[in-house]
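Heads up, the next two complexes both have subunit A, just with different partners, subunit B and then subunit C.
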Partner chain A sequence: MKALKNYIDKIKPHFEPGGKLSMFQSVFEGFESFLFVPNTTSHSGVHIHDSIDSKRTMTVVIVALLPALLFGMYNVGYQHYLSIGQLAQTSFWSIFLFGFLAVLPKIVVSYVVGLGIEFTAAQIRHHEIQEGFLVSGLLIPMIVPVDTPLWMIAVATAFAVIFAKEVFGGTGMNIFNVALVTRAFLFFAYPSKMSGDEVFIRTSDTFSLGAGNVVEGFSGATPLGQAATHSGGLLQLTDTLGSPLSLSDMFFGLIPGSIGETSTLAILIGAAILLFTGIASWRVMLSVFAGGIVMSLICNWFANPAIYPAAQLSPLTHICLGGFAFAAVFMATDPVTGARTNTGKYIFGFLVGVLAILIRVFNSGYPEGAMLAVLLMNAFAPLIDYFVVEANIRRRLKRAKNLTK
Partner chain B sequence: MLSKKNKEILLGPLSKNNPVIVQILGICSALAVTAKLEPALVMAVSVTAVVAFANVIISLLRNTIPNSIRIIVQLVVVAALVIIVDQILKAYMYQVSKQLSVFVGLIITNCILMGRLEAFALSHKPWESFLDGIGNGVGYGIILVIVAFFRELLGSGTLFGYQVIPQQMYDWGYQNNGLMILPPMALITVACIIWVHRSRNKDLQQ
Partner chain C sequence: MDHIVKIKKGLDIQLQGAPAPRISEAPSSSLYAIIPDNFMGLTPKIIVKPGDKVLAGTPILHDKSHIDMTVVSPVSGEIVAIERGERRKVMRIIIKPDVNQDALSFGQPSLDSMSGDEVKALLLKSGTFAFITQRPYDIVANPDTTPRDIFVTAFDSAPLAPDYTFILKDEMQHFETGLKALSKLTTGKVYVGVSSKQPVEVKNGTAVIFDGPHPAGNVGVQINHIAPVNKGETVWTMNALDLLFIGRLFDKGCVDFSRTVAVTGSEINQPHYIRSRVGASIDSITHGLVKPAEYERRYISGNVLTGVKTDTDGYLGAIHSQITVIPEGNECNEFLGWASLNPRKYSTSHSYFSWLMGKKKQYAIDARIRGGERAIIMSDEYDRVFPMDIYPEYLIKAIIAFDIDKMESLGIYEIAPEDFALCEFVDTSKLELQKIVRNGLDRLMKEMN
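So, the complex of A and B:
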């Protein structure tokens, strides 16, 4: 560590204004502050330095994402070997290795493209490099199906980082969640690679690992996909080989779906980490779940299941399926794009939950509504905050008037 | 005929005073008809013809129009010209006119038209008004064609309906970008053009 510090201090002058590498100053600074806490101190006055800066915040979120990511890798392998009928004779580690090799290129592509643009933008504007993309770059591979081509992820990431983030002024200034903009771009630009029953399970081999043909009766439809295309009679969700799924299957997450979203358990572990460290707001999480439960109960009672088959699903099933839990824990709690006032957080979260289920049940074109719900509410978050603040001002003015009477 | 001042009138709207990307007028039709190049080009020519001749007619009438009813007179002139354009399109380019559907009729409400009539034709001579109309029509048309070029190329892989992205690319896994066909990308493409234009013309930056 000492040697590293000495080396960094030695090369530092090159990057300062006037040095021969001064054009890379923000890159240098980014790496330096990644390795060591900055040694600058305040010169005057009284300042309180909080130990939690945005770099530590991002690190905690990454740690919270790890359970879902690792489980997602295992699930990719599990679904693959299940579909080619070789699950019984494959060891745990081969299953995990298959998933790891299938997911890793997506993570690399997302980070290389996104950080490349961030670094370039920071150089051009002579800003410090911001850490915001550390989390977005991991979220992006976790919310896409396993068979989405890498070049599509690269294009979508570039689009989202430039048009949803950099044009608004970079980290902390964006109106919409960058990872979800990436997904929305993919979803509308290349719908055949983002939805349907072809892309959620890798049936071909990965780096010539796990070759084989799919077994008889295989269907790659996700549970929500089955609900959206179901017609007539009682809805029975099945796994890829046609055997029925129980609620515990959906909770533990060995079901087809986007990479990181299937296991509600792993996401709840992440949620516990976020709440314990105080990074994410429990108000948002709680109210998203509340909104989802209320709306799915309303659908249970009032929607006609013959026309809207997804209305048959119970509230717990709705929460365990698809990206609902993932959106509630990792997307809606984004402090930049969500509501900031405490009352606003309740309203924001509740409406995200309501809209997610509303889109799921009543629009069979979009089997999963969580992404669109969060993006739509991102647009409304400033409005919610405005009215919460205005209401507070009015209340206090009234109180003041009563006191002076 | 083409003095220095007239040249400025004709060429100004192409870049420095472009109706779409500087004055942000006529955005609605720029979104609606730019999914393909052919309708965009036809729309550009139609608007250019209507603006140019409406400018000339209003300029000829400018001393006889009572000020209190000038908007109504302008509308009558524009509406008559739009109907002529619409009928010509229906007679000679039926397929394109079907694609453009109501948007030919909606040229009447294009802000560029009323803007030029009010701001220019009412106070200038016919020849200058004609040049101003041509300039603004072409300035509008350039943007439409640029937007339509990128939207058709990336969204459908074609230009004027002919496939330009080689089949080899599709075999390698390339796919057309479905979002380019949808209206949001028209806005973003126009925004990109404005971005490039402003960064090249420092005096337009605020």
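So, the complex of A and C:
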């Protein structure tokens, strides 16, 4: 480690203003502080600091995402071999490898495009490189269908990082969740590639691995897609081969869907990590689930299932399906774009849950409402906080007025 | 003592080097210094020159706008230097003490028969008034105002702070005299914030008991829970250990600026209390107590959260009763520190593994910032250690934007930089919050007056 540190100290002058590589100063400093914690000591104020910094915070979020990501990779392979009828004779590791190879290019593209823009923006502003995109860059491949073309991910990521983040001032300044803006951009720019029966299961081979033809009776519709297009009679959710799905299938997540969103169990493991470390707010998480449950009960009781088939789904089914749990745990809890006051968090989270189910049930054009619900509430979060803080201000004014009486 | 206030939010940082209840005498300091910067908001006009002989109690400087408000010499001796910094700002006035100490007499003031104005005049003349601060702005109190109330904090909850019960126990008489003097200066009450763990008997004031972690001992927190400051009001605040100077003045008829100083921190051998004097050199107090080591150390006059960085050739700040010595840490180059699994890396969040060590484990934390400055990302981080009815994050943002209306409505008049010290400690974004607040208060004061 000493040799590495000495080497870094040796090449450092080239990157400082006036050096021949000074145009890469931010990038250099980014890597330097990545390798070695800066040993600058405090100049003003407190003389000691807590060990936590934003690198650690983002690392914890990435660790929390890993269960869902790894399960997502396995599920991509599982759904593929199921659809070509070769599941029984394929080993666990082959299934995982298929999914891994299918997902990895998406992760690489998202990071290369996003971090490239971040590095450039940091250099233009002469700022340190900020870590926010490390999380967004992993979220993006997890919330898209597996058959999304890579160039689309590249375009959408670039759009989101530039127009949802950098123009507002970078990490900590954005109004909308960057990963969700990417998803929304894809959804509205290339709707045919973002929904329907074709995109959630890879039926072709990946790097010539797992070639085969789909079995008869195959349907690639996600459970929520089935609910949205269902008409008349009792709704029975099925897997790709037409066998009925139980609640536990949906909970464990061997169902079609966006890459990282299918397993409620894996997401809950991530939630446990985030809550235990205190990185994410339990207030938001809890109230998203509460909002979702309340709204789906209301739909159960009052909505006409003949017109709105998704209204038949029980609250638990709603939570286990689609991106609801993923949005509750990883999207709504983004502290930058969500509500920042504690009271505000309850309101914010509850409304995210309500809106997600509302959109699912009453708008069959959008089978999944969680993404739009979070984005919509991102826009309202400052307003919620405004009223919470205003209450404090009014209390202070009242106190002063009582005094002058 | 009937009123108990429970503070829930806050944080006690467990550090190595808490002082043992034992007092020893410091060798007499070869030089003393008055540091005008210790008296916030006071614009010093120096009225002595090098070579002048002074007694303990002789004025050294006065405030430009209040000529009667003086800062006096803590010892008798000779002025040897007036050190100036940038733009000829006076940094320190150095005094070489006489072998035989002599103090200026202020007669035999009888407190019972004195009016408020007479008390105030005597405090101003004796230099003890400069130890009274005021809210708003957290500056030396303006003697032209009559405070709504006066708040005295009789404990310090900061890390490794001195135990006031221990220091005050031999000086309760001066403490009570001091309270009595303060009660003549206000039409309201004299509140004394007392700790539930280190109780102090109070006769000449209204005691309010506080229970809970730091910052329960911050006078700002106590005011917020007893009777918050509203716009247009002024309250005065004082530390119980500084109040002793006022008490001794009335009891003895002369100033006595001796101080019992807690020498603390992980770099101190056998941390304990040292009897010294305001303005003594750091070396005279810490000499022989600092552990031998190869690496650099940081000497702090005060505690690790609000103290002032100084050096062995520095001096004890006028308002400090504590010296903390910690490792500087600038020689550490931690490889991939953000991925560390080491349970000895202290963090209040569970993202590091220090929670495995339990809550009683004491840490030796060095002065590294441990991260780069970022925009405010995490929410609820400041609120958790900020036990006032104020939204700290919104107030900080208003101060950065310098939006006066917003600052007023969010409670700028109730706070001092020290109230944000814990926020600054836990801050993931590593912002210099105390500096932001101090600059904001200074600018606001200029705008309003």
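Everything below uses one rule, namely that the second predicted complex is superposed on the first by the 388 of 405 C-alpha atoms of A that agree within 3 Å, B and C clash if a C-alpha of one lies under 4 Å from a C-alpha of the other, contacts with A are read in each partner's own complex, and residues count from 1 in each chain.
Criterion: contacts are C-beta pairs under 8 Å (C-beta built on N, C-alpha and C of every residue); 3 or more make two chains touch, one makes a residue touch a chain.
All figures in this text were calculated on a predicted structure; none of them were measured in a lab.
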Are subunit B and subunit C a fit on subunit A, or do they clash, once the structures share the same frame? fit
Between subunit B and subunit C, what opening angle does the Cα centre of subunit A see in the overlaid model, nearest 10 degrees? 100
Can A:281 be said to touch subunit B (first), subunit C (second), both, or neither? second
Going by the touch definition up top, name the partner, subunit B or subunit C, that contacts more of subunit A. C
Does subunit B (first) or subunit C (second) touch A:365, or do both, or does neither? neither
According to the stated criteria, A:163 is in contact with first (subunit B), second (subunit C), both, or neither; which is it? first
So, does A:149 touch the first partner subunit B, the second partner subunit C, both, or neither? first
Figure out whether A:244 sits in contact with subunit B (first) or subunit C (second), or with both, or with neither. neither
Once the structures are superposed on A, label A:190 by its partner contacts, choosing first (subunit B), second (subunit C), both or neither. first
With both complexes overlaid on chain A, does A:336 touch subunit B (first), subunit C (second), both or neither? second
For the superposed arrangement, tell me the lowest C-alpha distance between subunit B and subunit C in Å. 17
Indicate the residue numbers of subunit A shared between its subunit B interface and its subunit C interface, in ascending order. none
If you look only at subunit A, which of its residues touch subunit B in the complex? 149, 151-152, 155, 163, 185, 188-193
Residues of subunit C touching subunit A in their complex? 13, 15, 228, 230-233, 298, 300, 304-307, 309, 324, 326, 328-340, 345-352, 354, 365-380, 383, 389-391, 393-394, 409-411, 417, 421, 424-430, 432-435
If you look only at subunit A, which of its residues touch subunit C in the complex? 1, 4-5, 33-57, 59-60, 128, 130, 132, 169-173, 276-279, 281, 335-336, 338-342, 345, 389, 392-393, 395-397, 399-400, 403
Okay, in this complex, where on subunit B does subunit A touch? 173, 175, 177-180, 182, 188
